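The letters A, B, C and D name the chains in turn, as written, and every chain counts its residues from 1.
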Amino acid sequence: MLAHALLGGVIYGCYFALVGLGLNLVFGVMRIVNLAHGDVLMLGAYAAFFLFHLFGLSPFIAAPVVIVGFFLLGLPFYYLVVPRLALAKDAEMLSLILFFGIQQIIEALAAIAFGSSERSIPGRVLGIGPFHLLGETLSRAWVIGGAIAAAAVLALYLYLYHTRSGLLTRAVMASREEALASGIDMHRISARAFAIGLALAGLAGVFAPFMLGSVTPAMGTSVNLAAFAVIIVGSLGNPLGTVAGGLIYGVGLLLMQTYASAWADLLPNLLLIGVLLVRPTGLLGRRVRLA
Amino acid sequence: MPADPPLLAARGIESGYGKVQVLWGAELAVGARESVVLLGPNGAGKTTALKVLLGLMPAWHGTISFAGSDITLWPSDRRVRAGMAYMSEIGVFTALSIAENLTIGGQFAQPAALRRRLDILYDAFPDLAARRSAAAGSLSGGQRKMLGIAKALAGSPRLLVMDEPSAGLSPLFVGQVITILRQFHQDGLALLIAEQNVKFLDLAEHVITLEGGRTGFSGSVAALMADDALHRAYFGL
Amino acid sequence: MSPEPPPLLAVDRLVKRFGGFRALDGVSFSLKAGEVLGLVGPNGSGKTTCINTISGLYPPDGGAVRFAGERLGGLAPHRRARLGINRTFQSPRPFASLTVRQNVALAAAYGRRHGAGGTVSLAALLAMLELDHLADRRAEDLNSAQQKQLDLARALATGPRLLLVDELAAGLNPAELTRMAERLAALARDGMALLVVEHLLSFLDRLTDRVIVMNAGREIFEGTLAAATREPEVVRVFLGSDHAG
Amino acid sequence: MRDFLAVGLPVVVIFALLPLIYANQLLLFNFVLFLILAQGLNAIYGFTGYLPFGYVGFFGAGAYGFALAVMHLAAPPGLALALAGLAAIVLAMILTPLLRLSGAYFAIANLAAAQAVYQVIANPALQEITKGPYGVSLASVFAPRLSYGAALLILAGVFALVAWLRHGRFGLALQAGRDDPVSAAMAGIPVVSARIIAWLISALIAGLAGGVFAWHISVFYPETAFDLSFSIFAIVFTLFGGAATLTGPIAGVLLLYGLYNLIGISVPQYFQLIYGALIVGLVLFLPRGLASLLQRRGIDVP
């Protein structure tokens, strides 16, 4: 049972790393707290649901569609909203309230458009039969969801560390001030990072029906709390630190579900508060700014 | 006196932070291939002046031109693309490697041109060439300064604007910085260096002093020495 | 021989580190009631750090600050204010959304030590700093010179015995400078001890002739201002080389 | 006191008289409830700048504090109400270290805390104590007119408190600490302890609101008492009217909650949509709320 929980935990860890990844990228580059992150994920899940039920398209096709679509929506959205925020005195706090408002809008629109009933995609569309790994039998949908999440994390790594645009993105994360002084076009880089953040959330959403269970318009808040737990446990402002946070979270969640299932829902919240109270700098790295 | 219009000219610059006005009509000009040292004690507005020239802070009043264009309202990335480079007092990204810092400096260059430029820079800065993939944060203060210069030069600028390259440096390193800057200046690079370290006057063809956010003295080093402008700018007594 | 009374402020080998950087590297000096001491030096020499450490914003990493004979240790800033230590800020930090009167009244209500400063009324304080006609304006609507006066008014409202002044002169016009210098001089005549960090030496010159010159967290000269500007070491530090003599 | 007499008291009196001419007492009660909650949020957000997304956690703690006191101690409503307030204060004391965090992290951690409290109370494993997800019934103490009256008393107290915060030395000290904690400390203000007091006061208000809510509706489920809409509504009403004033949150509640009910509760999503759009518009164009329209012209808004 322990081996199963640990193995499942690693798979879930990869998935939750993906859930936190976009949020952390946006925070790292723009110092903006995207409270609508979980709702973007929810929209990705609905996109996958409708592409499957209306057009019979599998999540493997929905994934690239969602990535490209959300990326293209993210660019204008950035220019519409974020530059105005940057002018404010306390941009971080204001961004939180602003995206809270955006979250409410998305959630309401989703409820109006899709209704509030629970939606799901049958797991068999990802392949039939159980999956055997290291002597354990796992759900095939889990393994695929985890593998795609790992691939997305790897893709972001390659972008950040092996392209010029990725280098400039890391430069902005390292020091906004020096990035400006170096003549980096902050808005171009930020808009791109913002759009990538949305695309990653959308991708996580496509596989949410298999990893998180059924989809509802109201799922955003709990996804957000999980995502914040992941990035705060990991390393705030450093997207790749999210992997460690995701793994800790995933393994913790599966262990809780295995040994204390009644209390498993508490994990993200307790982890979040616990880390913030005990070690406000995050377990692994960058500081959470203290008041 | 050169008849050509200056490469960079700033007229009547006023600026500041929030409600605190720091510059009260500063005047500055740098000719093509000229080196200008901006002298003044701390608090005189040197850093602010440079930031306004680079577009990192808005000019409340006044105009700035560079290479014949009015750049007063340009964003800073456009100014850098047009041939201005800025080395801030920090100068480098400590979290990134030496090679990455240089690539950021040359972000607007074509890959082939950047490679050629980096070869030249690594020749000029052998310390950096030996440790290309080391994090800039692992360098000593003097080496960081050298990296900052190399990074600023990676984009092959026409004008290098520097904020206190001597800050935090031992006299030995100050000498090295001056030597390397002289070398690039002789190859045609125009310099505008804000300093309180008078040693940099060795490099200057023209000196401007800032006193309380206004241009004080403007002239040759010899004239500066003849006048007691220097002592007045620093001690105000 | 009656023993000399202890100085009001005694800073003893004070050390403050930020990471590996020693912003204060063993600074010592003392200050008596009614005395004005200037603190000068290039940027980054540790002057403001010195003020921040004495006022309690930074805990010291070594050495001691004694006030009226008592060691302050890690005493919180608001308690130091109530003991009679106060300060102004290099760029003024008013309570932006409160009125000028509220700014000053709060400092008087919370910061005044027992039995102190009963002589100066709020109205007199506002009048002295030319803020009386602005009393009901929000602090954020003042210009920078007025905000500096407000910073000083707020510090004075606590009835300090020691006032730490950080770069008060920058941004003031000549007439304002003259009035400010006269005000500070008057405070010293009334027995207040002043530690004045200042770049504008001509301003400092009107207040005191006793200065400490700092460089790299250490004291490199103590004496009169005039002597300081002739001291080769000081000139070297200010100008960065021995170019000018 | 002037603000209380001019603005607060008339509102209380109007809501005391309205049941005589208007029959929907539950609706009136909800108005009073949101007036209390908005001012309670105002006490912490308006005066210290800390925005508690999980404000509903204190409300829920109060509701369950009341319910548990009635169910297990057979406490009379007055005592149960006091225990409701106490429950919220205890929760706030446990969460006090969150105040060390800067704004955004504080808000999120507070939200997580509210969720955690909900998950504990709704947990089937605790059915013996809390009745878990099956909800509580307090029919034995049901007395809608009394509980409405109690809500009005709480409202009057909360109005008086906020009026005092606006002009009293303590409230000004809080605002000074919000504007600049460093210079506030130099003015002799104990910024941290003042903030903690405001935090406990704000929690107490939500706890009392939760208690009186439990009393008034008498049958409810964990998801009713911990409904995130309580946080959202309180935040929207306060932001819309203008924080750190007495009138702002009142105007927010009367206008927005009035609108909410005027159009009808049947499609709550439309209101969520409108409220979301309002927040976005406020942040981008009017971050200090309606009150700032007047304040900008130099008019003092009570």
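What we mean here is this: a residue touches a chain if its C-beta (ideal position, glycine included) is under 8 Å from a C-beta of that chain, and two chains touch if they have at least 3 such contacts.
Owing to the predicted nature of the structure, the values given are computational and were not obtained by experimental measurement.
Supply the minimal count of touching-chain steps required to go from subunit B to subunit D.
2
If every chain is reduced to the average of its C-alpha atoms, which one ends up farthest from subunit B?
D
Identify the chain pair with more contacting C-beta pairs: C-D or A-B.
It is C-D, judged by the count of C-beta pairs in contact.
Express in whole angstrom the distance between the two chain centres, defined as the mean CA positions of subunit C and subunit D.
That gives a centre separation of 43 Å.
Between subunit A and subunit B, what distance separates the C-alpha centroids? Give it in angstrom.
Computed value for the inter-centroid distance: 42 Å.
Can you give the whole-Å distance between the Cα centres of subunit B and subunit C?
One centre to the other, that is 33 Å.
At which residue positions does subunit B touch at least two other chains?
none
Which residues belonging to subunit D are in contact with no fewer than two other chains?
none
On subunit A, where are the residues touching two or more other chains?
Not one residue in subunit A touches at least two other chains.
Could you tell me which shape the graph of touching chains takes: line, ring, star, complete or other?
Its topology is that of a ring.
For this structure, enumerate the chain pairs that meet the touch criterion.
Every pair of chains in contact is listed here: A-B, A-D, B-C, C-D.
Report the residues of subunit D in contact with subunit A in the complex, numbered from low to high.
49, 51, 53, 97-109, 111-113, 115-116, 119-120, 123-125, 181, 228, 232, 235, 239, 267, 269-273, 275-280, 282-284, 287
Which of the residues in subunit A end up touching subunit B in this complex?
164, 167-168, 170-171, 174-175, 177-186
Would you pull the subunit D residues touching subunit C in the complex into a rising list?
For subunit D paired with subunit C, touching residues are 169, 172-173, 175-176, 178-180, 182-191, 244.
Under the stated contact criterion, what part of subunit B meets subunit A in this complex?
54, 56, 75-77, 79-81, 85-88, 90-96, 100, 103-105, 107-108, 151, 155
What part of subunit C is in contact with subunit D in the complex they form?
Those in contact with subunit D are residues 55-57, 76-78, 81-82, 86-87, 89, 93-98, 102-103, 105-107, 109-112, 151, 154-155, 157-158.
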